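Shared chain: chain A. Partners: chain B in the first complex, chain C in the second.
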Partner chain A sequence: MYRQAPRLLIRALDGGRGGRLIGRAFSTGVPVAPVEDSAFVEAWKKVAPNLEPPKTPLSFMKPRPPTPSSIPSKLTVNFVLPYQSEISNKEVDMVIVPATTGQMGVLPGHVATIAELKPGLLSVHDGNEVTKYFVSSGFAFIHANSIADIVAVEAVPVDRIDPSLVQKGLADFTQKLSSATTDLEKAEAQIGVDVHSALNAALTG
Partner chain B sequence: MAMTALRREGRRFLLSPIPPNPSTAARSTMLSESTAYEMRWFLIVSLGDDLISGEVPKSNIHRKNHGRSRRSFVFVCSFFVNAGDLSLLGIRSISTQVVRNRMKSVKNIQKITKAMKMVAASKLRAVQLRTENSRGLWQPFTALLGDTPSVDVKKNVIVTITSDKGLCGGINSTSVKISKSLYKLTSGPEKETKYVLLGEKGKVQMVRDSKNSIEMTITEVQKNPVNYTQVSVLADDILKNVEYDALRIIFNKFHSVVSFIPTISTILSPEVVERESESGGKLGDLDSYEIEGGETKAEVLQNLAEFQFSCVLYNAVLENACSELGARMSAMDSSSRNAGEMLDRLTLTYNRTRQASITTELIEIISGASALTG
Partner chain C sequence: MASAVAGSSAAVPFWRAAGMTYITYSNVCASLVRGCLKEPYKSEAATREKVHFAISKWANGKPEKPTIRSDSPEE
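Up next, the complex of A and B:
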């Protein structure tokens, strides 16, 4: 009989609503902001009331911090590739990205930007250490809250690039460009030349 | 006269309590339930033929089907002949051969499904690693452009990702159900919705009723291990062939080996992005972003949309592959378990039958002996 006492006590204390509150108090990680698109969920319920509405990517993501009023001292960088997250949520001083309009330096408090990348050198500066990657292409988003997302298709650290192969590739593609007949071949050869000359520049510069 | 005796015997076995149908418990997850019985069917027909011509078959196993039509009679014969230790002319004895055959086939099925589970588990390990690495790929896009599944556009394209192979539980049916509901959701006056189907299973289910709304089907995506280049070529193909205002990708997100969450990812075309950012709302602060590179904002947005599609599609294909393997693991696991239970029940029946036949023989002998002496 006394074994049931705690349960009866809880029930007597707060009734239905409180009981649920007590149950809730132990659940950690309850999201504060709504992570579902309510309009979508409502429309779904009208069409398919018996099916649970599918989730959307927003519910799987951690919410981003809002824009701070003063400029933060560090920049948070996320550098992702299709097969790996190279850098995730690392606080650094500066990042230099190879945008199509040229090398662009990003400091904390940079204005919000969407930059398209061309093949080139990406360098991450954290204090005195600099990590350099050669990226093939992609996009860089710089948000107002000093978070930089760099999405690239392919990236290698520069110390893993073989200079002799770069020279050979450059020579090959230059030759293909001069002997190309159709537009497609010309475009492919041009891309090859661009990438290899950028590789060359990255190795030397 | 021999024929009538055979027919009489056969009818007794036909009335035996074990029907040649697999029980429904194992039906949904067992490997084509008819395989074991089809093989026996051919065996039965060929045995019957030889029996009719009066020869004793030397090897029962590898015979071709002669396609005779005297099926019922032949079926009856097989039970008789398979009753092991008998001569051809009707000594009565309860046969355990039927139960023994069923036990053998159920045990084989159990072995096969266990092997399939192991194979799926080992493949899952490899794909899961790559999926988790690719999870960071779509997050920057959602952070920039937000998530707008309830956007109202004229041309919707629903990209459903399903598997090519079966025996993976209910994930493909779930995806198809959700696609159909989404189709209803996004249809209306002046709106059109089309399907692009990846995977054989989705195609088969959709072709039945929505044949006219299917724009493209793509199969054998998983033949070689998925990599980004292949998916980006696929994405390019899709984008070239369909006009879209919004693309919705439906897939099963891999949460854990036993839980798969159906998910919809929405990708808007550059024109719709412009429209939404001008009208405010979720994309409202897109205007505050400066555009670097490219000649015009429209060009950059176009590249962005295409890149977003290929990245999200890559992640979706990997997640769906993981979910498929996980679902196959649990389906094969429950199938092996059901086969094991069935085997237990059959063993009990077998022992009962065996003991009953021994008892009957003993009774006959003893009663015969007592008739002689008494």
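Up next, the complex of A and C:
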């Protein structure tokens, strides 16, 4: 069933853009200029000529920014946490994100990707300066127009990590892992070991 | 997160196999990282973990007395 998915998706996309709708266009493909429903506006003006017609959610949506035809020279990064915005609209040369599939380097012109992040180091490279953060987990969305949105639950600059606490945590959780009985305890201990070893690697690497 | 053609033989992460959801996993990771910080940052981070909410069960169309749950990270 899933093997047909790419073929069906391509059919739907072509139908939307070509005008002849074989399948429905994606709802996120908002047209470049927001359109108003003229029939509704006419009917509204007849009934309530002095009131402005209400705006629909579609008119509030910003149209999808166009993918530039040539690869931009810089990557725009937005890095947000639930309680603050670490980096907002900064133009950099490269970011390296700790994806579950390994450290992934993102350059301008990177293919659009959604990556789940594992606990690890995120580094932002701009010219010669490198800023490193330790990310607990999150997602990285790289868009086709060289904008990268990274969201994390918790991220700290590497110099705020206390090495002794990391070692202690690693020892604790390794011990818990060997003495764990239920599946859930094993999973929690494993998570502890993973996070603390990643913290350790970030401090020494 | 690719799945094999033959239905649900996808490799699941170990925490999901143990019955944990992604949100729980993510929150556990975050609180472990918060616990490894140097001092002034550690106490600031501890304030981020506080939860305070009230739950009331409904019976016969009326809310019963709400129970207030106020968690601090030490639990």
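Rule of thumb we're sticking to: the second predicted complex is superposed on the first by the 141 of 205 C-alpha atoms of A that agree within 3 Å, B and C clash if a C-alpha of one lies under 4 Å from a C-alpha of the other, contacts with A are read in each partner's own complex, and residues count from 1 in each chain.
Everything that follows uses one rule, which is that a residue touches a chain if its C-beta (ideal position, glycine included) is under 8 Å from a C-beta of that chain, and two chains touch if they have at least 3 such contacts.
Keep in mind the model is a prediction, meaning the values are calculated, not measured.
In the superposed arrangement, does A:A39 touch chain B (first), chain C (second), both or neither?
first
In the superposed arrangement, which partner chain does A:V153 touch: chain B (first), chain C (second), both, or neither?
Both partners, chain B and chain C.
So, does A:I161 touch the first partner chain B, the second partner chain C, both, or neither?
second
A:T76 contacts which: chain B (first), chain C (second), both, neither?
Neither: A:T76 stays clear of chain B and chain C.
I'd like to know which partner A:H196 touches here: chain B for first, chain C for second, both or neither.
second
Both chain B and chain C contact which residues of chain A?
Common interface on chain A, chain B vs chain C: 83, 116, 138, 153.
Hey, which residues of chain B end up touching chain A in the complex?
Within the complex, chain B touches chain A at residues 130, 133-144, 146-150, 177-178, 181, 184-185, 227-228, 232, 250, 253, 261-266, 285, 288-294, 300, 303-304, 307, 311, 314.
For a test of understanding, state which residues of chain A touch chain B in their complex under the given definition.
37, 39-40, 43-44, 47-48, 51, 54-58, 60-61, 64, 78, 80-85, 88, 99-101, 104, 111-118, 138-139, 141, 143-144, 147, 149-151, 153
Can you list the residues on chain C that touch chain A in the complex?
Residue list for chain C touching chain A: 1, 3, 5, 14-15, 17-20, 25-30, 32-39, 41-42, 45, 48.
Along chain A, where are the residues that touch chain C in the complex?
Result: residues 2-3, 83, 116, 119, 134, 136-138, 153-154, 156, 160-162, 165-166, 169, 183-184, 186-188, 190-192, 195-196, 199 of chain A touch chain C.
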